[in-house]
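Heads up, the next two complexes both have subunit A, just with different partners, subunit B and then subunit C.
Coming up: the complex of A and B.
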């Protein structure tokens, strides 16, 4: 009785999801592997099989390495800033009162907004004429004359080869940190009340308690946070694309903005797909390495 | 002595947290403030208050800059996506949760794998696929229909993941009792299980809705024409391509128009949204 029409039910109810997912997600993933082995400018007549040439070319492409390096800077500097701020805020703002909960929700605002709004807003923050930051700098006597020079040389922050990447990283931190605060707050909540109480009774105080009790118990949440950072920093796109387009002079180029350029500006679809696969492999490899390195909790606290 | 140190620490904590909160909020408040100012006021000082509230910035953004049109496009695409995504996702999730069959674990795993693929892995093949697939004489490329279909497909992994977990928590004897009463599998799903899953469906809908409303990268590649531009594409285009900077007030008003609906929805459902984000992060 229970099996009446069971198979038919399973098939019909899975079909729409499987079909959509198969055609629009799985098929393009498989195609990506194929595309990366061809030299192709979009006209099907000019599609030639080149084996791993696209990957070899990528390996010898200075722009790719430059882009990868910028992704690495965003991960290292942006990521550490996010971890430090998130753990500090989560630690300093424990408890479940209305006010703390409301504040944690406010911290998530930038994360909930469209990245497009975040990017444009910060472009304006850095704007030499109307920007918040310029006015702050003026307040402290610096940066009084940020103007496009007579020769049309852009002297704004996002136009500066040395300041543009740090400026993008600051925006990334502002955008992302709320999520990590929420993550670490949840981690701190999971610490059993007895452990916290016992450590207080034992006289463990302040920074010592934080280092010896709180931090080790946050290990597993910390691993998740780092994996998220790896994925999100190696896949930065909209923020850079909208704020600097990878410029000036590729000084903020990241893997995905370069991929976009290769595909939709240069019409070099084979090279773009090879880059997409390289990006995916790098994300997986770095995540794997992070998981391996952090598998054993060095503090030796089991939980 | 200890008391002094602990008071000092409390003060320090409060000062640091206040500074952090201001750092998060000031750019947002500045954006809202500027959206009410006139052009000369914006250039005079970023901190100054507007002499009077320039509502016309909003009407300029809405009408002259074409935000109304983009807003409507975003609304159509988001609502249409959710209208199909939720039932399709729920049907699949229900089968994964309640009807194990040979290979169901593998298939479920394949769906979850989709949460790991970065969108850019598939962007070039997807671009050509949309150009190739035709309905009548028109390809799916540069259509709201095409974008909607892609959005459904790319939202499925997360939706199926969350809803499968939800269906697993519903009591098992309910559907068994209904089946004994002679109801079919479909009837049990639509009449008994789906109504029970309503809280889960709402959360998934809100969560996806926010993400779809904000989505930029896929739309950027799949929608070149102004007629079909969604709100994020439209506002980005105003700034990047059309250099709408002659009307700063309207630009800021445009940003506020993009942001406000999302923040209102978020604020209403924030507890549930946090739970879902954490469930995804900590289990995934």
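Coming up: the complex of A and C.
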């Protein structure tokens, strides 16, 4: 009797949340799975059932693989850069002096900016005529690997087939790194004072202490950071869409810009939702792999 | 209007959907008028021309037809709001959905009401049928399988622009042929200017401004028609290969502005207006698009792209484009939508549109007024042209359209040779031919 009352109590309190989650999260996801089995323009109610054709097509679509590869580059290069910079800066910014506090907010600055602003800002940096970076490049006599014919140096970075993706990655790192600095700063602050002091007493200093004490104790924070990076880099959209629209010649195409093209340019909602599901599965799978690979904490705590 | 303000991110797209979701309810025309008055909802793309002209027309129409109530709303990315409304079966009665809408997907899905019967009825002015009031070469662009789906209102003329003052100052003559262009370019470079710039981030400008004019000049209009009709081999015909080689020749000679491959449409157009480049391909919307940012004293004049010496094509060939209006099949009150559009296409309103918005309209005789100065030359060239054509393949077959843009970028930044370029186009055309889910159109002249 008492137990049933308790169950009813729990159910009453859980129901609204579960209901909302079901209606606004689970249901749309299931709906998307449904759409991926149809040929649908997204412009009428006319849908034709095609089974797994959309997935088969996706699997044989070179553009999709090219886009996925670009996502992977962003994860590998952008992600590593973010991790290295974030850990280094967080380590260097320990303590609560006024300077470190000020620095912390400076690093977080790009993160609170709208992505639209970030994209426009960096388009200026890369501008062929007035761009900060292009001006520096010109100062050093070019540096661009691709030339506009015999005429000399083409200073267009975002229009270059070899430089556009690195340029986008740099912008991504600049934008995202602040959050990871915060994350690692919090992680470092959570390292017990006793451990830090004990290691100091034992004579661990500088890089050695960082390598043997700080880094291993940041393991669990690092895992979270990598998972975040997987999600953020595989789902990158706005930055690329605004800066290059996937161009030139798809050299910066990522999964979600291609999804946008399939849905809104090609009016192929079935293909677009199939891509969305593939994206979802890939993010889940990569996250799972990362979690598994990093399960064993060097400090001996298993997660 | 190609005001491609792409300063929107996914968030705004999502917001658009949300807003569309909300407006599904609130866009119910307010109960206006009494008796047998009808309500009409008009949704228009809001670009450089604004929507004030259409709102004014709605007020005038209401005054003439008491009881009828017309609301005109719009937005710069209005197609994002219209998409879910079409999918829900609750579109407005009459719409100009803008350049971001996939018109042909709507037509294939029977979402667009064919207006053939209405075209046979008398024109608003009562002189002849409504059909007779349109320029036939523009009306033709909205046809599919013998039925009229899209209705043109204004049209753009595509060509090149130059600064007449600069040309006069240096004693340059406007190049009529490609050879003259090649002779002139070194002189322009010597004067410290780039001979040509282009909208590198939006390669469709180069497709329309360089590639197609030269394809037609070399191989005649049939070379372009065959390509747009997906005739096997047409995209890698000699005409396309030669035209692509001409683009490469200009590039290799350094006649394009440095860095143009990374410029947006407004950036390159600003460079042109600031005198960094002598010529630029663009449509007749150039002035209205740049009006706000134009440097004082900047001048521009229209010219046809230089033709190829000894080419098969008609040197008077001119490229135009329409941004049509449609009547959604499931929208209410087709009759009123048609009647209101008839009013908008009456000769007086069309003339007013030209004066007020600075662009030409598809209504015959509407250009018999004092045209805005920059339209005089293109309008004359249009009237005198024996070959008026339009680029439609990119909207008919979106995947080929995408690939043509990608390949054009690769050709212009040097990562593809002309041979690779035409092979890619032909391969993309072949893919469309294989895809039985979408129809192949035919274009003839």
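Here is the rule we go by: the second predicted complex is superposed on the first by the 252 of 303 C-alpha atoms of A that agree within 3 Å, B and C clash if a C-alpha of one lies under 4 Å from a C-alpha of the other, contacts with A are read in each partner's own complex, and residues count from 1 in each chain.
In this section, contacts are C-beta pairs under 8 Å (C-beta built on N, C-alpha and C of every residue); 3 or more make two chains touch, one makes a residue touch a chain.
Predicted, not measured: the structure shown is a model, and the values here were computed from it.
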With the two complexes superposed on chain A, say which partner A:120 touches: subunit B (first), subunit C (second), both, or neither. both
Contacts of A:21 with subunit B and subunit C, given as first, second, both or neither: first
For A:267, using the defined touch cut-off, is the partner it touches subunit B, subunit C, both, or neither? Pick first, second, both or neither. second
Now for A:281: first (subunit B), second (subunit C), both, or neither, which partner does it touch? neither
First, second, both or neither for A:293, with subunit B first and subunit C second: neither
Quick one: is A:198 in contact with subunit B, with subunit C, with both, or with neither? Answer first, second, both or neither. neither
More subunit A residues touched by subunit B or by subunit C? B
Examine A:69 and indicate which partner it touches, taking first as subunit B and second as subunit C; both and neither are also allowed. neither
Touch test for A:247: subunit B only (first), subunit C only (second), both, or neither? second
Based on the A-chain superposition described above, do subunit B and subunit C contact any of the same residues on subunit A, and if so which? 115-116, 119-120, 129, 134, 237-238, 242, 256, 260, 264
Using the touch definition from the top, list the residues of subunit B that touch subunit A in their complex. 9, 13, 16-17, 20-21, 23-28, 30-31, 34, 42-43, 45-47, 88-89, 91-92, 94-95, 99, 101, 107, 110-111, 114, 117-118, 120-129, 149-150, 152-154, 156-157, 160, 176, 179-180, 184-186, 189, 210, 213-214, 216-217, 221, 231-233, 235-236, 239-240, 248, 251-252, 255, 258-259, 262-263, 266-267, 270, 273-274, 277-278, 281-282
Report the residues of subunit C in contact with subunit A in the complex, numbered from low to high. 6-11, 13, 83, 86-87, 89, 100, 102, 105-106, 108-111, 200-201, 203, 251-256, 258-263, 267, 271, 276, 398-399, 401-402, 405-407, 409-410, 413-416, 437
Quick one: which bits of subunit A touch subunit B in the complex? Just the residue numbers, please. 1-2, 4-7, 9-10, 13-14, 16-18, 20-21, 23-29, 31-32, 35, 85, 88-89, 92-93, 103-110, 112-117, 119-125, 129-132, 134-135, 174, 178-179, 182-183, 186, 206, 221, 224, 228, 231, 235, 237-238, 242, 256, 259-260, 263-264, 269, 272-273, 276-277, 279-280, 283
Which part of subunit A faces subunit C closely enough to touch in the complex? 39, 41-46, 115-116, 119-120, 126-129, 134, 146-161, 237-238, 241-242, 244-245, 247-250, 256, 260-261, 264-267
